[in-house]
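Single-structure report; data block below.
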Amino acid sequence: MKSAPLRVPLSDSEIEVSIRGLSVSYQTSTGLYDAIHDLSLAIHRGSITAIIGESGSGKSTLAMAMLNSVTFPGKIRTGAIDYADVGDITGLNAESLRRFRGEHAAMVFQASQDTLNPLKRVGAQLLDMARSHGLRDRKAILREGSLLAERMSLPASRVMAAYQHELSGGMRQRVSMIFALALKPRVVLLDEPTTALDVLSQSHVLQIVRAIHEERHLTTLLITHDMGVVAELSDRVVVMYAGRIMEDAPSRDLLRAPRHPYAKALIRAIPRLTGPLDRAQALPGAPLELRQIPVVGCVFRDRCTLRQSICDEVTPTLREVAPDHRTACHLEVEA
Amino acid sequence: MIEVVDLTRTFRGAGGLFAQNDVQALRKVSLKVERGAALGLIGESGCGKTTLGRIVCGLETFDGGDVLIDNQSVKTLGDRARRKVFRKVQLIHQDPYSALNPTRDIAHALIDPLRIQARLTRRDSTWVKQRAVELLSLVGLDPQETLYKFPHQLSGGQRQRVVIARALTVEPEALIADEAVSMIDVSLRLGVLHLLATLRRELNLAIVLITHDVAAARYVAHDGELAVIYKGEIVEKGKTDSIISAPVHPYTQALLSAVPVLRGLEVDGPDRYIPEPEVQVQGAEPAGCLFSTRCVFADDHCRGHHPDLSRWGDGDRLMACFKPQERQVVAVAVDDAMEA
Amino acid sequence: MATSPANVQSFYMVKRPNALAVAWKVIVKKPSRVIGLILIAIFVLMAAIGPMLYPPVLPINPLAIYAAPSFAHPLGTDFQGTDVLAEIITGARFVLLGAFFAALFTVLIGTSVGLAAGYFRKWRDSVLMRITDLFLTVPSFPLLIVLSTIWRFTSPLALGLVLGITGWAGLARAVRSQTFSLRERGFIEAARGIGLSDWHILTREIFPNIAPYIVMNLLIATTGAIYSEIGLFFLGIVPFSTNNWGVMLNMAFTQSGAMYTKSGLLYLLSPLACIMLVTFGVVLFLDAVDELLNPRLKGV
Amino acid sequence: MAFLKVFVRKAIGGLVMIFVVASFTFFLIRLMPGNPVTTKLNALLATGTPYPIALSKVSVMYGFVPNQPVWQQYLTYLGELAHFNLGESISYTGVSVTHIILSAAPWTIIMVLTGVIVSFVLGVLAGVIAAVWRNSWIGQSSTFLATFLHGIPQFMLALVLAYVFTTVWRVFPFGAPYNAAIQPGWTPAFIGSLAKHAVLPVAAYAISGYGGWALTMRSSVTSVLGDEFILAAELRGLTRGMRLRYIARNAFLPLFTTLTLSLGFMFGGSVFIESIFDYPGLGNLLTTSIGAEDYPLMQGAFLLITTAVIVANLLADLLYTAIDPRIRRA
């Protein structure tokens, strides 16, 4: 075994959000189940971090937890979510939490979601936001909104006067982005930003996200199930399965040399435009439902081709296998 | 097996802030697909590809041109005969969640159409039950596990397999898969695509894959054809691999360029260019090439004249562009990758 | 890949769980459902055997007018000295039978019209919906009164029919809109593509999806019909052919002066209490029906 | 623009409905067992009235000439109807039906609309409370009260109210719309008497409508609470008050679709409430006209009740168009 290369630990000043020991559980008629189980993760300031996973992986729950807005019957059971200059948001009172949402961290919704009040114009809803956050110059938010609209090549004045039903899917996505950025938050969460969009709109949205991320020095979190989006946009990728992190690495490292069998299988399951067809291999089985997640052992073992007896008995922990590259698999040792 | 000739369909519509009134979903589209062959219809949403799929399944009407199934025009058929003819062409819906009746179990979903089939082919009720089991195995499901389940107890991938099994109950000659994998988990998509490719081979089915995901189309129709549709018009058509490796029409190139590059595994294609964002145009359509409003290569001639579909090269490639040029825009694989 | 016929048979033996057992399990889950079921059962029983327990014409007793509750007369007596409890028990049949027919016709007409309009659309939809709108707008109780002038509906069946005719429109509209949205769903399109007949699609694909709603409406329509029936008798518009709760109410209000004397309280309250108890039973039981008919609520 | 279009379309629909209802009552009377028109004619002839006079008397009563062919009678009837001539009452001899129903109409329309408005306002508020605080005792008791009241038929409500508040506990006067001892006029005493007498009937209307509104609003709010834009508003840090306003306004809209049903129900209820509280409104007129076999009056009362419902619906539709931009700007 080679000795691990020395790594300078990140100083706190480089970390924007630090999640420690987070468990989010859902109360059902048959018991309490963890949608996220003992998850720890540091999100670097100024990075674009992608959370990738299938349905039921807990990635959306994680996004909601990061704004402390997990809804009933789910709740944050244990753990802390520390934002730089704010502290642990799981301990905020209702009023501070309200102010935190939108001002410090904001969410961009999917294109298919109707996230605007159907009875009010876009501009009026921006003003509502300004009022809620006690902005002294309320009109400023309209100027900011128009600026953002133009930045995203939308006709600003018409969008401000539009109702939700007058916007197309791609436009809704961008309007959702205007709302997220209007109060100049430091952290932006994008929930499946390209789902339900065509390839061309998708590449356009990705361009915009990248550009605005850089212009505004944001820390961006990307929730996605699409490895292509990860590859195009993110600096870092966290692979989730059944509420746990399977692998956490810089995007290029992960794509080039995934360590966890799940990450490998996910990448292999993408049909490609070049190369032999059989390079793409289907991933057997189906994602676990909340109630099926085993408590002991590796959660991925049922779909894993390399399963061994240790996988049933011992829960693998997330450990560093290469510089800045963590994985949770018994079979993976340091490179 | 299926042939459409100069197919035209116009929707009268109204709508949002930037909408025009009438939508020409299809403009003189001609296509043909034989049994055992595969065709990928590529385009963005709203380009008319779904309408085309629905028309050849008999679920939508058309205004002009004709649809021929097994060389028989459907225009002159009566209600009964139409129903019979269109049973040969089955649609696999985009949304496996709505494609199955939530109140009925899988056994019913298969047995109802099988009963009809049994009546038509003079087979008995044992055959019906046996066939239901066979079909579930055929699409890669465990019959014992699935037969008495309700749709909500199955995953998206499993549902889509049931939907395919149901389509097979009537022994069709063609499957039209309309974005059949876009709503299921990424990890399960390939399995369903693989199933379609297998069925095509084993049952000698014609497969039409309607999608905006070129890679998915390639997976099923790599030895078949691709047709690229823009605003209801075919702009390029030809052998799948030749279109992907050397697209001629700027729209095809734009679509292929927009496919994310898996950096780390792939590098950008040498001619890749980031397409212009869609410009919202109000009012009348351009007099010339429909794509000229977004095309980076368009000039005044393109904007003034409409290009017809014409032959390119010495193969059977067709394209509709005044400035055709082959460009290699697709990402290139870095070969050290994961097999190591 | 192929499964042998023997195999097929053997696992077709694995049947779905017994429907009655499932129903019972769902009902006993909550005490409120059991109470609802018991209440409904009591009244159904009353309607079934009540009239057999008493002579066809109940005895009157001029010496015991408005008698207070006693062992012989648990609910006291009315203005003629007739036992109120006996009147209640014998009066249940007409009311409940009429309500049952009314609910049946309401659901029958409402469902057929709604399904047809929602499924066939186009001109059939427009025509049917115009008619529905008309029935929806015209206040049904005044319409009933007007209809009573040409139609002496004295039997439970006739009364039920007329209540059905005046009361189906709301259900038709709701069924139509549900059918409309179901029709957009992929499985209906798939069924048509496969070549299943319209009849099959309507009865086997669409109907099961709206069945819970319809059954619930059947129960709700029953209570609504009871109100209308009793209202008609109360106003004295329908000839009093038999003794029933509505006639009691009418007598209590108009003949006996029960409104003005506190001694008539039980006579006035007894039929009202029965109406409330039936309604109460139905409302409590509805919850069980909802769960029974909705596969998504049954749990895995 | 859209306003006008909706208005014209709905108004035409309403006129057609009135036409259908008018035709229905016409044929109803013609189809009655022992055709009352002929019966009346024969009765007059039996008293020795000369045929021409009897004929003209009957034709004045019903608005059509009995010995004409049916289609001609129908046309005459429609023509008279267009001039708001509904014939003459039989029980109030010689008084025109139009006059009787128009003087009865205000009692019904004012009472019903007051009842609708009161029940609507209270019901909507109760519905919001029941949905927003559905996990606490306040929401649950609100739901229970609404369910309970919704299950009580109107005549029962009216009877119970009358019994409790006039017989058991004499706080309100019973019967008649005002104290007969007071001279009608715009005097405080008369208006006070009117108001005092109106409390119970209006309460009966209001309570009978309350449960329906509360339950509809409750389910509407519950469904809006699950809408994505409410979650989005929360994640954008909007204040609770702002979010409540978003919820209320959106949840409000679906209520308009139930308004049609409710208006018919409320106007229909006038039949009971007016007869129990002895108000000289349209509902009472309808019941008494049938007892008196005064068919022209019955026809008129029924027609006017229907018309009132149609007009009220028209107003509701206009209001809806004004509130919802999706319809306004379609």
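Some points to look at:
A, B, C and D are the chain letters, set down in written order, and residue numbers restart from 1 in every chain.
The definition used in the following text is that a residue touches a chain if its C-beta (ideal position, glycine included) is under 8 Å from a C-beta of that chain, and two chains touch if they have at least 3 such contacts.
As the structure is a prediction and not an experimental result, all values here were calculated from the model.
Separation of chain A from chain C in touch steps, taking the shortest path, is 2.
Highest inter-chain contact count (C-beta pairs) belongs to A-B. A separation of 56 Å divides the Cα centre of chain B from that of chain D.
Distance between chain A and chain B, defined via averaged C-alpha coordinates, is recorded as 31 Å. Chain B and chain C have Cα centroids lying 50 Å from one another. For this pair, chain C with chain D, the centres built from the Cα atoms lie 25 Å apart.
If the chains shown are joined wherever they touch, the resulting network closes on itself as one ring, and no chain has more or fewer than two partners. Listed by label, the pairs of touching chains are A-B, A-D, B-C, C-D.
Interface residues of chain A facing chain D in the complex, by the touch rule stated above, are 67, 69, 71, 98-103, 106-107, 109, 113-120, 128-129, 131-133, 163-166, 176, 179-180, 183.
Within the complex, the chain C residues that touch chain B are 1-3, 5, 7-9, 11-12, 14, 16, 185-187, 189-196, 200, 204-205, 208-209, 211, 295-296, 300. Those residues of chain C that touch chain D in the complex are listed here as 133-134, 136-143, 145-150, 170, 223, 227, 230-231, 234-237, 249, 253, 259-262, 265, 268, 272, 275-276, 279-280, 283.
Chain D contributes residues 13, 17, 20-21, 25, 28, 31-33, 147, 151-156, 159-160, 162-163, 167-168, 174, 260-261, 264-265, 267-269, 271-272, 275-276, 283, 286-287, 290-291, 295, 298, 301-302, 305-306, 309-310, 313 to its touches with chain C in the complex.
By the touch criterion stated above, chain B contacts chain A in their complex at residues 16-18, 44-45, 155-158, 185-191, 193-194, 212-216, 218-219, 222, 244-245, 254-266, 274-275, 277-278, 280, 330-334, 336-339.
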